[in-house]
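Two complexes come next, and they have one chain in common, chain A, joined by chain B in the first and chain C in the second.
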Partner chain A sequence: MKYFLTIFFVTVFFWASDAQKKAVVLSKEMVTVPAGNYQPFFISETNKPVQVKAFRMDEHAVTNLEFLEFVKANPQWQRSKVNRLFADTNYLRQWKSDLSIGESNKKIYNSPVVNVSWFAAQAYCQWKKKKLPTIAQWEFAAKGAPKNLKSPSLTEYILSWNAKPNPPFLPNVKSTYQNAYGLYDMYGLIWEWTSDFNSFIGSQDSRGNNEVDFKNFCAGGAINVADKTDYAGFLRFSFRSSLKGNYCIRNLGFRCAIDL
Partner chain B sequence: MQLIMFYNRCSAEFCGAFSDEKTTQDFLNIKPKTMSNISKETLVLKRMIFAAILFSSLSIFFLSCKTNSANATSDNKIDTVLTGTVTAELTEAPNVPKPLTYTSPKRVMVHLETIEKVMPISDSSEYTFWTFGGHVPGNFIRVRQGDLVDFTLTNSPDSKNSHSIDLHAVIGPGGGADATATAPGQSTHFQFRALHSGLYVYHCATGPVPLHIANGMYGLILVEPQGGLPKVDREYYLMQGDFYTTGKYDAKGLQAFDEDKALAENPDYVLFNGRVRSTTGPNALTAKVGETVRLYVGNGGPNLVSSFHPIGQIFTKVYMEGGHEINTDVQTTLIPAGGASIVEMKMQVPETINLVDHSIFRAFNKGAIAQIKVTGDENPSLYQKIKK
Partner chain C sequence: MKILIYSLFTVVLFSCSNVNTQSAFTGEVQKSNTAAVGTLSSESIYQLTDTFQTQDNKNVTLASFKGKPTVVAMIFTHCTYACPRLTADIKNIESKLKDENGKVNYVLVSFDADRDLPDTLKKYATSMGLDENWTLLHGDENVVRTLSVLLNVQFAKDAEGNFSHSNIISVLDKKGVLVFQKEGLGADAAETLNTIRQLF
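And now, the complex of A and B:
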């Protein structure tokens, strides 16, 4: 009986670990976002419309399976080994263990990896010889007109996403809409890291008085905003302003980009 | 005591050295140059340790400079010596924490959690409320003038959005909002001295602020004067708010926020305590003939001011706008959006008092009614219905 049980458990174990091995990492394209002008969310002396050069961007967010390859190749980014300064205690907490997403998490193999810090996201992109997009690149890319959206307007679609509590299992990548540049799920699936996520809070030299004082914002926060009805934009910039580089959050993932 | 305060401030700076925005910004600068590959983590670590040492020595310097000058001043005749630590009792409306019994300032620990939650807004409609504590209005906070409030804001890991808090009782950047931009699953922490007594609104101050308020992110904090408020028989907590939904009043199913209606200041719902019939019928407040009832009434807005009126009663006392000026024998008192009022009534005869916003369509068609059921003996010398 004991032997039988042992064999049973060993079989189950191998079967389970096999499932993860067999799971196919989605092939991922990068698409070109053409050059254009980005009108920053905040208008100020230093935040003038910027020219965004053409760049390439991952068509969808980095998935759990993709990120698993990264931590296998870079053990210092495994959950039990990561430096706390670079990732807080929520780092990859949806996974079963260091090198296993978990059989019960099958549904999220091809869902965006979340609970990853800015440092981890940055390291992943460097490993792929890519980089995190800047706020300007991300925002410009996200402005691509939606191709197959069921909602009457993009803003309404985003706000309805904001109003829904987090689902127990995050849907897979490419499960929402695609935009004119060929990018999937820019809105409506997760928040995404950018390389300069909180740079708009203040200039690097904050001794001057030219900083965009986004944090004292009750009504004041709206003064310098280009489009005051862009509530979805407010939510996005507020979210970014509350982040720190080691934060790992349940609905925050990333995708990578390459400058051309 | 000042010394303790400054010590805390310094140590807070020290702890925050790794995580405050400045440092993160510094990281952003350092990163591309030094972190071109991950093996250089150690270099960054060394830099951080160096920064930490620098910070702590600066803090000690700051401490030694400041203590001398700080002793010379006292703020607003408030006793600055703290006499212990207490955890604030937090209550869900319509309940109010018990009156405070201590007579000298304490460090008061307050911990609020922001929670996004689908709840009924009427019998047929649901709405995704954003809340302080899982209900609308948020938890009632009660402190005493002179207390040092040690405030922690936690944002539930299940939240989609970042949140913060602006307490109107705080004198300091953003009323606390500057210190509390809180991402999902994270916590923020700040301290303030409750300098002025009164009844104050608190609300979320994360952009877009009107949306956060329209979704229910407000509550009340009472700063009792030194010596407390006069004793009454019952105390209750009511807070008015206006809501804007894509469907009409009581439309079936989950309703989304309607930005156009909100901008036009044309709400579908005007509610006490976040739900149609939250405080009527079986949920009505109760009192007995002969008792004095005190209501702490806030108005979260976001848009409307309230003409607060008790049908079949008269406010014997109104602490106007929640301050110290007391008006007596008032029929209807104005409660501004983002403001509050303390009202008292003496229960004279058995009746059901309808508390309404006397902009009366709101009470009749949009839900702005709360009730107090008064039980006890009839008093024909005060009121009687004459039958033919």
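And now, the complex of A and C:
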């Protein structure tokens, strides 16, 4: 009897310690983003400033190690088992196998997990009893003033990041800057999923196709932008609108939030 | 000691026995309709196991539309311009399929989780003259968002609680696989009709 128990515990011990030897999951803090007004990027008669209520947000993006815990606990999200409807073939392609990031990938253990679909991100946050932030929450949180940023302006910083190719190994979380709310890497590391990424933004290619914009004419869209110099904003909103829920992209990850 | 071991094994057994009934998406154990979902193709949107309420206040999952081709669109009933037209476009499809009456499901899912409760949906169905082949669905906000992502429908709620949204008619085959989509109002229905006819 004791023998069986010993085997059992040894197995459990090895199972727990084997996969990512010595790797330590960073403790994850959430910070409170205070209530405020968010001016939507696109303006229309009905798209008025949104009151964003105070909410909590992960201080950094979900890492590969953190996501590994989720995949272990939820086998249907393993790379070989995941449903194509919920994640395309690039899902977790940076990992060595279903349950191993790989020794040669040590550098990215604490880097943001990327190549994850919206469905996977949703499921992760749900598992953590959290949710993905909305576009309004994410954009509002990202407006927090940067601490210790060397660039002359946040927009210039973002654009210089956008101009760089993806590094072979994504840097660790907390490796860029922290903003006034205590959030790390809102820009400069990855793009992040939002719960309502598929929000309608009034594509002028489908004139007459929705209630609010049906009176618009060709190229009318550019007039209705809150800040025409916010080139980085244009990039984010057009990137979001090009996504589908099962897309897995090498620089797209996520962090979770909780409504207060 | 024995008790400890038995309880360990019970936990292990119990967790194994649940695997087959877990939702592919959330991993949550389903409460109903597990047998039906088990036979679905991996592309079927009927794998979503969330519950919706019909205009008759019945709880259903999408899997209940299995067995017939299904025409589905997303709307909200306070919508004065696009949604009645989109509904009319689908009624037009139905009228062209008169000979196949009862063989197609017509489903409208509301964006408006707050206002489009079953009663409101029932009134909309009556005022639009929708027959027994139609099902109007209310779902929680996150459930509706998930469905919109699966159907490639973009939508946003504005400050007045109305919705701007893309107008898309989707055709699902008998197993719930998305096989065709037509975007726009008053669009030519010929292709949509051809697709549906091939699904019987």
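FYI, the second predicted complex is superposed on the first by the 220 of 260 C-alpha atoms of A that agree within 3 Å, B and C clash if a C-alpha of one lies under 4 Å from a C-alpha of the other, contacts with A are read in each partner's own complex, and residues count from 1 in each chain.
Just so it is clear, contacts are C-beta pairs under 8 Å (C-beta built on N, C-alpha and C of every residue); 3 or more make two chains touch, one makes a residue touch a chain.
Remember, it's a predicted structure, so these values are computed and weren't measured experimentally.
Of the two partner chains placed by the overlay, chain B and chain C both lie in contact with A:Lys244. Shared-chain residue A:Glu69: touches no atom of chain B or chain C. Of the two partner chains placed around the shared chain by superposition, neither chain B nor chain C is touched by A:Glu103.
Legend: residue contacts after superposition of the two complexes on their common chain; A:Gln122 is shown touching both chain B and chain C. Contact with chain C, but none with chain B, is seen for A:Lys48 once the two complexes are overlaid on the shared chain. By the touch criterion defined above, A:Pro165 lies against chain B but remains apart from chain C after alignment on the C-alpha atoms of chain A. In the superposition on chain A, A:Ser199 makes contact with both chain B and chain C. Once the two complexes are laid over each other on the shared chain, residue contacts for A:Phe86 go to chain B and to chain C alike. Annotation: chain A residues 74, 76-77, 83, 85-86, 122-123, 126, 195-196, 198-199, 201-202, 206, 214, 241, 244-245 touch chain B in one complex and chain C in the other. Those residues of chain A that touch chain B in the complex are listed here as 74, 76-77, 83, 85-86, 90, 122-123, 126, 155-156, 159-166, 195-196, 198-199, 201-202, 204, 206, 214-219, 221-222, 229, 231, 234-235, 237-239, 241-252. The touching residues of chain A, counted against chain C in their complex, run 1-2, 4-5, 8, 46-48, 50, 74-77, 83-86, 118-119, 122-123, 126-127, 131, 195-196, 198-202, 206, 208-214, 241, 244-245. Per the touch definition, chain C reaches chain A in the complex via residues 1-2, 4-5, 8, 19, 22, 24-27, 42-45, 47, 79-83, 142, 145-146, 148-150, 152-156, 158-160, 162-167, 183-185.
Residue ranges of chain B in contact with chain A, taken from their complex: 18-19, 21-22, 24-25, 27-29, 31, 35-38, 41, 44-45, 48, 116-118, 128, 157-162, 164, 166, 173-174, 177-178, 181-186, 205-209, 211, 256-257, 259, 263.
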